[in-house]
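You will see subunit A twice below: alongside subunit B first, and alongside subunit C after that.
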Partner chain A sequence: MITRAAKLISLYARVNIQNLAAYRFDMYMRIVVSILHLISELMGVWIIFHGTRSVRGWQWQHMLVLVGVYRLVAGGIRIAIVPNMRRLLEDIRNGTLDFVLLRPVNSQFLVSIREVVVYRVADVLLGIFVAGYGCYALRGALPFRESVEFALMLAAGFAIVYAVWLMLGTLCFWFVRVQNIEMVFWNVFEAGRFPIDIYRPQVRWLLTYVIPLAFITTVPAAALIGDEAKIPPSAPLWGFALAGIMLFVSNRFWHFGLRHYSGASA
Partner chain B sequence: MTQIQVRNLSKVFRVPEREGGFVASLRSVFRRKYRQVNAVDDVSFTVAQGEIVGFLGPNGAGKTTTLKMMSGLLHPTSGECRVMGHVPWRREAAYLRKISMLMGQRSQMAWDLPPMDSFLVHGAVYDIPRKQYESTLDELVELLDLKDILKKQVRTLSLGERMKCEICISLLHRPQVLFLDEPTIGVDITMQARIRDFVAGYNRRYGATIILTSHYMADVTALCKRIIVIDHGHILFDGQLGELSAKLAPFKVIKIDLDREMDGYDFAALGDIILCEGRKVAIRVPKKSAPSVTDRLLSEVPVLDLTIEDPPIEDVIARAFGQRRLGDVTGDASEARVPAAESAS
Partner chain C sequence: MRVLFNSFSAFLRVAIATMMQYRGEIFLWAVWGLINPAVLYAMWSAAAEGNVDQTLAGFDRGQFGAYYFCIMIIGHVTTAWDAYELGYFIRSGSLSPKLLRPILPVWEALAANIAYKVATLAFVVPSWLIFYLIVRPTFSAGLWQISLGLLAVVLAGVLNFVIGYVVALVAFWSPKLDAVGEAYFGMAMMFGGRFAPLEALPWLLKEIALVLPFRWMYAFPAELLMGKIATASEALAGIGMQLVWLAAFVLAFRVGWAAAVKRYTAVSG
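On to the complex of A and B.
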C-alpha cells in the first residue's frame, strides 16, 4: 500500500514537472521573486540588529535560523499544500471533484497529492542554506541531535499546516467560495517570521494554542538552535500531540464534508 | 441478473434564495432564506446486467442527481441503492474499480498534456496490470481512431477528439457498469453516430450495463431499448422505448429558410408554429403529414433550405406530460408506469 502511495505521488510529481515545461517563464519569475523575498527578510534582520545585539534573547544568528526556517516552511507549503488545496476549492466549486471521488483511491490522499509546484524547492533550498548558515555562525558546526529534532518538529509543523488547510478546504463544501482564506492564511503566517517570544503574553498564547503558529516556525527553529531557554522542554511533545489531533480531526471533518458535497449543477 | 437496485431513493437539496434587488441582497447577507428542492423523490427501479437504459427528462428533472447517487458521488437523503452488491456512496475501492462515469460537460483529461499522459495516470490510479493496460489501450486507440492525436496537447484537440479521449480514459479499466451523462453533447452529428456505435459495441463485447442520459433523441433511440423518464424527481415512465415514442413523439419539426419574407402566407394552417421570424420558420406537424406539408411548402413558398427534425426530447416530454404524470395523460397510471422489475426481467 505504501509502495502504491509512493508510486502515485511520484507519478503526479512527474506529470507536474511535464506541465511546468509549458510555463517556464512563470517559473523563472517566481524563483526571482522568492530570492527578492528572502533578501527583504534578511534586510529586516539586518535593520533590527544594526543597533542591538539581542532581541528578547534572540541574536542575529538565531534570527538567521528563524528566517531560514520560515522560508523553508513557506516553500514547503507552496510546493504541495496550498496548490492542492487551491485546486480542491476549484474542484468543489466547478463540480470536477467528481473525478476524484470516482477514483478507487482514498479521496483525501488523492486531493493532497495532485499538484506539486516543483520549482518552489528553490525556497526550501534557500531556507535550508540560510538556517544552516545561521546555525554554523552560532556553533561552527551543524549538530546532529538538534538537526534530527529539528526535522521531527518541522514534520509536525507541516502536518499542522496541512490539517489547517484541509479543514479550510473542506469548508468549501458549505460556503463554495472561500478563496480569500488563502490571503488570510498568509497574513497570519507572516507573524511566524518573528520569534514567538517577542509578542505580548496574550498574543503568544493565541499564536501557540489557538493558531498554532509557534509550532510551525519558532519551535523547529529553536530545536535547531538547541537553546532550551527558547522553548519549554515539553514543546516537542505538545507539537506532536497537536499534529496528531489535528490530522485526525481534519480527516473526520473531510469525510463529514464529503457527505455535503453536491457537485455543480447536480 | 439484477445488477442495479434502486429503492425509494430521494435527494433533497437546500438551496439559498432571495428576491432580486439591492435591499434583498443586503438582507440576505444577514438572514439567508433557504428552499428545499426535491431533486429526486422516491425513485425505484432495477436494471439487469447488460441492459442499456436511457434516462430522459428536461433540465433539472433529477437525471444527473440519480446517476450521481448510483455512482457514489452523492449521498441520498433517504432510500437504498445497490450496484453489483455495493452501496455506492460508501465508495469502496472494489466498487469504484468496476464502474465509470463519463460526463459530456466536464473533462477529466490534463489540459496541458497529451492524452497519453492522462491515460498513464489513470492506469496507475486504477492499478491496471501492465499487460491489460497496454492491450486495452491498443484496442481503444484502434476502435476510436486515436492514434494521430495521442501526442497532441489536449487543449489543442477539437471537441469531438477530446470526447473520444474522454471515452477512452473512462473505459481503460474495463468498467462493468457505465454511467454516461450527456456523452454526445456539443459534438457534430458524425461524431455522435460514432460514439453511439462505440458504446453499443462496448456493451456487446463486455456485457456492460449502461445508464445513459441525453438530450438527443437519436442517442436514446439508437442505444436504449428501455427508457426511464424523470420529471421533477419522479419517474413518469419506465418501459420500452417503442411505447414511449408512439405515445409522445408522433410529430416532426420542419424548419425552413425563405428566400424572402412571406407575411401573407398562412403557416399556421400547416401545423403549430414554433418560430416565425423574418425568413426563418419552424413548424411542428404530425409525423404522418410531414411529407405532404413538405411538398406544399416546396411548391408554395420560396424555400432556400429545409430540414425535417425530430423534436427535442425536452419539448416532447414537456408537451406530452406538462405537469402531469403519464397516467393522467394516458388515462391509466397503473398501466402506463411499467414496473422496472418486470421490464428488466
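On to the complex of A and C.
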C-alpha cells in the first residue's frame, strides 16, 4: 500500500521534471524573480529596523526567521498544493475529473500528487537559509530541540493549508467559476508576512481561530526562535489539534462533494 | 479631435459594460489594494510603539493611519496594469487589430483603466470607510492642502498610467519579459512610499527614492492630503515636479511608440 503510493508519487514527480526540462529558460527566470522577491523582503526588514529596535518584541533576527519561514511556506505551497488544486479546478470544469475517479486509487490521494513544480524547491532552500541565518545571528548555533519543534509546527501548518485548499477545491463541485480563489488565498496569506502580534487583539484572534494564519507562519517561526513570550505554550498542541481536525473535515467534505459530481461531458 | 472624443467615449462605454460583467473578478483584484496597506499600517504603528516617544520617522499611530488611508485610496485610483498586459497582447497577436484602428491603442487602455475604477467604486468606498472608522487617523490638512492634494492624485494617476505604458513598450522587444513588470511594481512599492513613508527609509534608499519618479505617484499626494506638507510653496513645487515627469514620459512614449510599432511584426493573428 505504502510502496504503491510512493511509486505513484515518484512517477508523477518524474513526469513533471521531464516536462519542466522543456522550459528551462522560463524556470531560470522564475528562480531569478524569486531571489529578487527575497531581496525586497530583506530590504523591508532593513527599513523596519532602521526606524525601531523591536516590533512588539520581534527584533531583527526574529524577523529574519519569519521572512525565511514565509518564503519557505510560500515555496512549499507552490511546489505541490496550489498546482494540484489548480489542476483539480480545471478538471472539474472540463469534466476530465472522470479520468481520475475511474482509476483504482484513492481519489483524494491522486488529485493531491499529480503536479509537482520542482524548481520551487529553490524558494524552500532560500527560506531555510534565511531562517537559519536569523537563528544563527540570534544565538550563534542552530538549537536541536527548537529545530525539531519547528519542523513539527511547519508540518502542522502545511497540513492546515492543504486542508483549506482541498475544501476550496471541493467547493468547485457546486460553484464552477471560482478560478480566482487562488488570488483570495494569496491576498489573505499576505497578512502572514508579519508576526500576528502586530495586529490588534480582535484581528489576532480572527487570524488564529477563524482563519488559522497564525499557525502557518508566526507559530513555526516562534518555535524556531524558541521564545516562550511569542506564543503561548499551548500553541503547538492547538496547532496539531487544528491540523488533525481540518484534515478530517476536508476529507469528509471531499467525499461529500464527490457525491455531487456528475461529470460534465468528458 | 472629434474622432478621438467619439472613439474614446465608445471605448469607455464598452469597457464599463465589460467590467460590470466581471464584477466579481475585478473586486478580487481590488482586494489586494485594501489588505496590503492595512497590513503595513498595522506593522508600522506597532513598530512606532517600540520607540520611546511612540513615533517613527515623525509619524505616530494616528499619522500612520492617515498615511496608509491615503495610500490605500491613491493606490486604487492610480492603478494601471499595462506594464503586464501589453506583453500578452503582443504574444497572443491581439494587438494587430488594435493597431489597424485609426486611433492609438493607448486610448482603449485608458478607457479600460477608468472603467475599472468606476466599476469597483461601490465595493472599495465602503471598505475605505470601514478602515477609517477602525483606524481613526489623525489628519492635519487644511482645505487648500486637500484641494491641491486631489489635483496631485489626478496627476499621479495620469503619471502612473503613462509610465506604466512606457515600461510596457519593452514588450515589443522581448514579449515574454513579465519580470520587467514585476520589477517596475516592486520599485514603485519600495521607492514610491507604499511600503514605508520615505522618511522612514535608510539614507541610501531614501536618496534613490528622491531621484526616481515613484515618490510623485504615491508618497507626495499622500503626504499632501494628510497635511504633512505644510507650506504652499512645497506643495506647488511637488505638483511642478509631477508635471515635469509627466512631460518627460509623454515624450518618451511618443518616441518609444514610434520605434516600437516599426519593430512590431505580428505573432499569429
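In this section, the second predicted complex is superposed on the first by the 265 of 266 C-alpha atoms of A that agree within 3 Å, B and C clash if a C-alpha of one lies under 4 Å from a C-alpha of the other, contacts with A are read in each partner's own complex, and residues count from 1 in each chain.
Keep this in mind: a residue touches a chain if its C-beta (ideal position, glycine included) is under 8 Å from a C-beta of that chain, and two chains touch if they have at least 3 such contacts.
From a predicted model like this one, the values you see are computed outputs, not experimental measurements.
Asker: Answer with clash or fit: subunit B and subunit C placed together on subunit A by superposition.
Answerer: Taken together on subunit A, subunit C would fit alongside subunit B, as the superposition shows.
Asker: Looking at A:Leu8, would you say it contacts subunit B, subunit C, both, or neither? Reply first, second, both or neither.
Answerer: first
Asker: Contacts for A:Ser234 in the overlay, against subunit B (first) and subunit C (second): which applies, first, second, both or neither?
Answerer: Touch status of A:Ser234: no partner.
Asker: So, does A:Thr96 touch the first partner subunit B, the second partner subunit C, both, or neither?
Answerer: first
Asker: Just the number, please: smallest Cα separation between subunit B and subunit C in the overlaid arrangement, in Å.
Answerer: Subunit B and subunit C, overlaid via chain A, are at closest 9 Å apart by C-alpha.
Asker: Using the superposition described at the top, list the residues of subunit A that contact subunit B and also contact subunit C.
Answerer: none
Asker: For subunit A, which residues count as touching subunit C in their complex?
Answerer: Interface residues on the subunit A side: 26, 29, 32-33, 36-37, 40, 43-44, 46-48, 50-56, 180, 183-184, 187-188, 190-191, 193-194, 197-200, 203.
Asker: Contact residues on subunit C for subunit A in the complex?
Answerer: Contacts found on subunit C: 24-25, 28-29, 31-32, 35-36, 39, 42-43, 46-51, 56-57, 176, 179, 182-183, 186, 189-190, 195-196, 200-202, 205.
Asker: Give the list of subunit A residues in touch with subunit B in this complex.
Answerer: 4, 7-8, 11-12, 15, 18-19, 22, 94-96, 98-99, 101-105, 107, 110, 259, 261-263, 265-266
Asker: State the interface residues of subunit B toward subunit A in the complex, per the touch definition above.
Answerer: 13, 39, 64-65, 68, 71-75, 91, 93-97, 99-101, 103, 106, 108, 110, 112-113, 117, 120-121, 124-127
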